[in-house]
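The following pair of complexes shares a single chain, chain A, combined with chain B in the former and chain C in the latter.
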Partner chain A sequence: MRFQGKMMHQQIKTVIAGLALLVSLAALADDPVRVEITGGTEQSYPIAVTPFKNQVAIANPDYNIAQIIRDDLGRSGSFNPMREADMSPVMVAGDLNLDYWRKVGQDYVVIGEVRPQGTDMYQVDMRLINSLNQQELVARRWNGVSGQLLRAAAHQMSDAIYSAITGRGGAFDSRMAYIRIDRTPGKRKMFLLEVADSDGYAPRTILRSYMPLMSISWSPDATRLAYVSFENRKPEVIIQSLDGRLRQSVASFDGINSAPAWSPDGRSLLMTLSKGGNPDIYVMDVATRRLTQLTFDPAIETEATWAADGQSIFFNSDRRGQPQVFQASLASPRDVKRITFDGKYNAKPIASPDGRYIAYIRQDVGGFKITTQDLTTGDSKVISSTGSDESPSFSPNGDMIAYSYNDYRGGVIAVLSRNGRAFTKLNIAGDVRDPAWGPLTTAQ
Partner chain B sequence: MKKKAEQEAKDKAEADRKAKEAKEQAQREASLKKALQAEREAEAKAANTAMVQKERSTWISAIGAKVQRAWTRDTNENVVCDVYTRQTRDGDVKEVRVQNCQGDASDAYKRSVELAVRRASPLPKAPSDEVFKSEIIFIFRPQ
Partner chain C sequence: MTKLNLFAMAVAGLVLAGCSSTPTEEGTKTTAAPAAPVVGAGAAADRASTDVAKVYFDFDRAEIKAEYMGVIKSQAAFLNANTSKSVTLEGNCDERGTREYNLALGERRAQSVADVLKAEGVAANRIKTVSFGEDRPAVEGHNESAWAKNRRVEFNVQ
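And now, the complex of A and B:
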């Protein structure tokens, strides 16, 4: 298991409002009877991801394809994958028996097979079948997959399964950037900018610094990162390509240079600058470095993020005394609309890529907590059970939120499903924080 | 002599009248008996129809409850869908067709109503042939 401390909140939310069952008998004897069904239950999809045939051909136990898929789907909060230990070994070993999986309540079954294609090269087949109507939803082959790309292929399988069943985009074949603080005894404290798979696996270091690093933002084409570095003993906004070829400081004005956020079209960066006297939001055209000021209030404005359509921004302002989230359009930034009303402290907003939700940190009875808000209804909901939450970041499909919090040993990165059902600590060793979930690696 | 003949004629008339009355009485009794018989049959038929309807209502309620319990979904979409279903005498669901949905029903939602009926198969068995109906249309309504 790559993930520790997985906690499935199997909150099966029953929405049956009493057994309101209406039976109307047809007047004519040959008409079909009409029966009204009201209510139903909101719950995660039950799915059996059976061990892939010939999995043993792959020596590395970290490349257990079925387990990678189960962990991915479980993290989303929309699936309840059956544990391998609960599967009948006879049924797993034999030919696909949909009747069996139906009887044990698994609406969906995944079967697959691994075939070696020479040294450290594999062909992998995956099929997704509905056990209730026998419909095959996915049947795909991954050809010529090298050993080190097997996990990426497994994440692509998770995305294919996720899309076929929920109708929403996948999110697993993507990466997570974050900051690690290396506190090796006897050595100077070091800050590392790292990029791992979306499940925290296979981290690689992009940058090491003796001074703090923070506030990572991905370019929408996933080739560059913007972040804040204190390497010159003051905050600066840096843009760096993942391949290391490009690295430049784009904002090092007097005072604060912080909270960069890349626009959905990749052309602009939002940032907080205090060069005008107090912290305000600016937008920078990345190509020309031209700055446009977007907020003008004497209060502190910071932590700006883009709305999904790139036409407006959400930001945090204490103009009402305590931090609240406001929205302003780029076309007329002085028309500012307050967005959060529930709770005294709501900060660090992020917008879901589908434009339906924002998430932010609310100071609540249990501490600082991840909170979601439906932009259509305005309803907000605290969804985390931890209490020192920081840096929320939406998955590319908007169904999960990565964030960091502190436990007894330091910073931890976790993934919370937007519906609040699943909470998973990512298995990234050490003191880690500030996750930024990147775009999908390959187009789906 | 004349008096005797008169008496006889009078007796005969009396006898004829009595015979006619008896015949009419018998006819009345026969037709009443027939009517009562018809009424009893009609009552029995009405009682049977009422019983079939009551039993069917109970049976359909049981089917509805089973389908309702079997209806699970991931998202809350407020869309109404009709699902045509054909079953065997034993309750095995043989055909499920999502017929028409109001508004923008996602494929996932349409699948959830189809699977609810399939998951509920076999449906509760009808107590008699008279009660049984092969075709049912379920109207799925989230709230």
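And now, the complex of A and C:
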């Protein structure tokens, strides 16, 4: 059986790759030189997302469905999408020829078709086929899609492909909140709170302020943002709903009111307050505004984030002289455990949704870098090649990390795959920073 | 069968999958979104920071360096001679490191200066501290000369 043979071949390839990694790790054990092993045993799936038939029916070039899917999958670091320029036009135009796609190394093929359904309304079919065993993995139809929703539909297709192949949830049909700085010459500098699609498209402004904004946190139901505003010349914690109906200051005590972080159940907010004389971490019950103090050290405690299970927190404390990440359980917050030991500056932790990793900012010789740490092994790894990194934020599936850094023209928001393999600057113009990746918009 | 019939497969696939999912309503919210509120207009615009006394700090430190004790003592002398005046100490950081930690570090710097003022006899109720973290740089720039000018506490006497 030809196709079974192919499947066997693929499994063997995976096994061999795993063995090769074990061998190289053993060889490195006594090597004092630091070697970065990116990717590990994870595969990078080759996939050909062919141009959707009748794509020309959609006039707007921003709505190239196949390209949106390729860009999504590429950003994840788990896929290696074939460039359209590398695809044979004959094979793209004709009937699906799995022999061809298999020969050019594409284990997976996506085909699709667009059909107009009246003015600015479309039906779109998308199918995912494993070219090795000819199995169809996804066949779905999006009906009555307005032009405005075509990008959202494309992101849903990316999510369907991602989960069918990797077995993990997708993250593309979600939003990114961030801060934009408007430096229009001749005008007073302004700070804008914006929300865009997870790939940076379709931004809309939620708030404009003449004073700095920072520290965005999404409510888990994606309806509200908590953030810090200096609109009254001091840092305050604000909650604002995305529909514009609600905006209120929930913490404006003397001193610092900062670093809000919404709990996984949506009921509480972690925050940093210095009303007691020095910055400590508190948890606020959002409904009653009741505060419970969680840290008590005279040093700086801030940048608290929830563990995935909501039972403990990670935070930054300089109680040992410089910033390091610690963990404390809500049940007994005085039992504090140090989490980071490598490097003299480790700050701004964020936990992955599956609870396995934390990401944070480490200062090393190359500057301030996105670093991941496997909580089961304690192993940490610098994964960014930029050096002014801030504000790491996990994608809802934990496979990507959004962050910001400065380049020659100002702040840039980028997405780095958690395995460090893929780095993508998001298509957001201007001086932008402090991304906060929102929850999935649709149930999967 | 190495070449599949697209049409036959499409029909089979869609029937088998049995789902005809549509994008959710979320995208439509963009049209109904209200205009974004504008805040902070009442807060004073950044004044020229050349006209106020400043104390500078090392990276990730809040200790007062000996060379700046004179600046603080002369401010204390002015406040002691002008008892109707009060001071807001505005703590700032350079852009390096994380934003919330820098906000806390800016407050700690302002408190370091406040401690010296109090030791020089200025009443605590005439001293306020505020931190702007790394968000109000005196000098825009991504190099040590800019950073050195941004790690500062400014005396805002009123």
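Keep in mind that, in the parts below, the second predicted complex is superposed on the first by the 401 of 444 C-alpha atoms of A that agree within 3 Å, B and C clash if a C-alpha of one lies under 4 Å from a C-alpha of the other, contacts with A are read in each partner's own complex, and residues count from 1 in each chain.
By definition in this document, a residue touches a chain if its C-beta (ideal position, glycine included) is under 8 Å from a C-beta of that chain, and two chains touch if they have at least 3 such contacts.
Predicted, not measured: the structure shown is a model, and the values here were computed from it.
Undergrad: I'd like to know which partner A:Y45 touches here: chain B for first, chain C for second, both or neither.
TA: first
Undergrad: For A:D107, decide between first (touching chain B), second (touching chain C), both and neither.
TA: first
Undergrad: Does chain B (first) or chain C (second) touch A:D364, or do both, or does neither?
TA: neither
Undergrad: Under the stated touch criterion, which partner chain does A:L96 make contact with: chain B (first), chain C (second), both, or neither?
TA: second
Undergrad: Touching A:L132, do we find chain B (first), chain C (second), both, or neither?
TA: Only chain B; A:L132 stays clear of chain C.
Undergrad: Name the chain, either chain B or chain C, that contacts more residues of chain A.
TA: Result: the larger residue contact count on chain A belongs to C.
Undergrad: Return the residues of chain A at which the contacts from chain B and from chain C coincide.
TA: none
Undergrad: Considering the complex alone, what residue numbers of chain A touch chain C?
TA: By the definition above, chain A touches chain C via 95-99, 111, 113, 125, 127, 129, 134, 136, 138-146, 148-149, 151-153, 156, 188-189, 191-193, 202, 204-212, 214-215, 229-235, 242-244, 247, 255-256, 258-259, 272, 274, 278-279, 300, 302-303, 316, 318, 322-323, 345, 347-348, 361, 363, 367-368, 388, 390-391, 406, 434, 441-442.
Undergrad: Going by the contact rule set out above, which residues of chain C touch chain A in the complex?
TA: It comes out as residues 1-6, 9-10, 12-14, 16-17, 19-24, 26-31, 33-34, 36-41, 43-46, 60, 95-101, 103-105, 107-108, 129-133, 135-136, 142.
Undergrad: Provide the residue numbers of chain A that touch chain B in the complex, in ascending order.
TA: So the residues of chain A touching chain B come out as 15-17, 19, 21, 23, 25, 32-45, 78, 107, 130, 132-133, 165-167.
Undergrad: Contact residues on chain B for chain A in the complex?
TA: Interface residues on chain B, with respect to chain A: 53, 56-57, 60-61, 63-65, 67-68, 71-76, 84, 96, 106-108, 111-112, 114-116, 118-119, 133, 135-143.
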